């Protein structure tokens, strides 16, 4: 697996296609086959009790694997999420950013699969695990 | 399966424990073992291209099954989502509300399982399918 | 959704491509979009304690949705299972056949999705729930 | 995470509770939090075309994570599989054993979660990915 985008190009492209990414998500590390994506946890991501909401964890897992697929395919890709699975294992802490460590497990002609572990920053045990599948439309 | 809450009590309770529900989600129908939950689709739920975002679909599926579990267990329950799976099958339309039709498949002593079909209002084919599992803590 | 195969053609085709189906699986009912598949539970499907094994439930869910996809696409299809999810909710009874009631949720150009409820024959509550996704290769 | 069983005790216990394991599955490596389980691929695990069947991959993933949970909990545990997810990414080769590399992601009081990558022996790319959840009944 080879990267087509490095972090700056990837972020520029993501901000263009995903305006809502701005100020919420950033890339901590990008290597062939792996990415660490950060959710800058803010008030709107929290649930009563000071934990990060499920939809925010969904968003982080989806953006992490989507960005990883894009970084290998380049900006023509219009990958669409077709399947997602989640195990929520511990409560994320509201006062810490959430990090998604994703691996690309398959980058096929029509399907890409990646999995993610989500961590509250500075904690050793994952708060959640997710797998994401994307359908890659044929090039026009 | 017997209901402990009818719709008004359920909504009152949900608004108390989930302040963010207000104005976003409402119950269209509630019967033993089944609920139809509505996401009042607004600007903030949309993605470029005028489709409803993945995190919004996650939120609807989670609220629908969670509310269904609560309606059968009552307000002492502190059920926690432990597993979620999704198949995204068609693009939801940004200009229509999203409806989640959920069934309770298991209401055990420690685990509850429900599944959901999501529809853009007025359309016959589901946009997504989801299953949710909740862990039910022992009564103190 | 329209059927291309009725039950006899479907069984003939399945026995041809899946020799191990013989004597294990049969079709109880087939309608557009829906199938009921039977696992003829035998000694080799059992676990200690007289329950049906997980791999046997996997096989029934997979054969049910695969057969349903084939019944709509015909025999040229070489659909491949790409994703599966399972919730195991109750113990199946070893002395009863297992029935899989499957629905076709999507029959796209490249992906098909169906879900299944598994029942011990004569029991009202499902023992398991599954979703299966198949990748449909382009016609040559 | 600390091991309660080393490999020989684990195999003895598995053969006692799972008679069908005999000659099919063996432990290649066991460390705190990690196991590598081997499926000794035989004629009965194959599908036409010389690939390993889905139910055999299910069995390997389930036995790998179940054994890993047992190795940390000891023989009193009666863990029951409650959820499973699979992504099938490449065809396993019929002529090679299948290895399952599992990690224990959570070992809670009532739920345990592990994930697995499955490989055809000697190949670098995983053929499948799975996550398994077990419910751990309270001690009597």
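All chains are identified by letter, namely A, B, C and D, in their written order; residue positions are counted from 1 within each chain.
The definition used in the following text is that contacts are C-beta pairs under 8 Å (C-beta built on N, C-alpha and C of every residue); 3 or more make two chains touch, one makes a residue touch a chain.
In this text, all values refer to a predicted model and were calculated from it rather than measured experimentally.
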Of all chains, the one whose CA centroid lies most distant from that of chain D is B
Pick out whichever of the two, A-D or A-C, is joined by more C-beta pairs in contact. A-D
Per the C-alpha centroid definition, the whole-Å distance linking chain A and chain D comes out as 28
Euclidean distance of C-alpha centroids - chain A vs chain C, Å: 33
Provide the list of chain B residues touching at least two other chains, using ranges where the numbers run on. 82-83, 85, 87, 89, 133
If each chain is a dot and touching chains are joined, what shape do you get: line, ring, star, complete or other? complete
Could you pull out which chain A residues touch chain B in their complex? 17-20, 47-48, 53-56, 58-59, 62, 80-89
In the complex of these two chains, what residues of chain C are touching chain B? 83, 85, 87, 89-90, 105-106, 108, 113, 115, 117, 125-126, 129, 131, 133
What part of chain D is in contact with chain B in the complex they form? 82-83, 85, 110-111, 133, 135
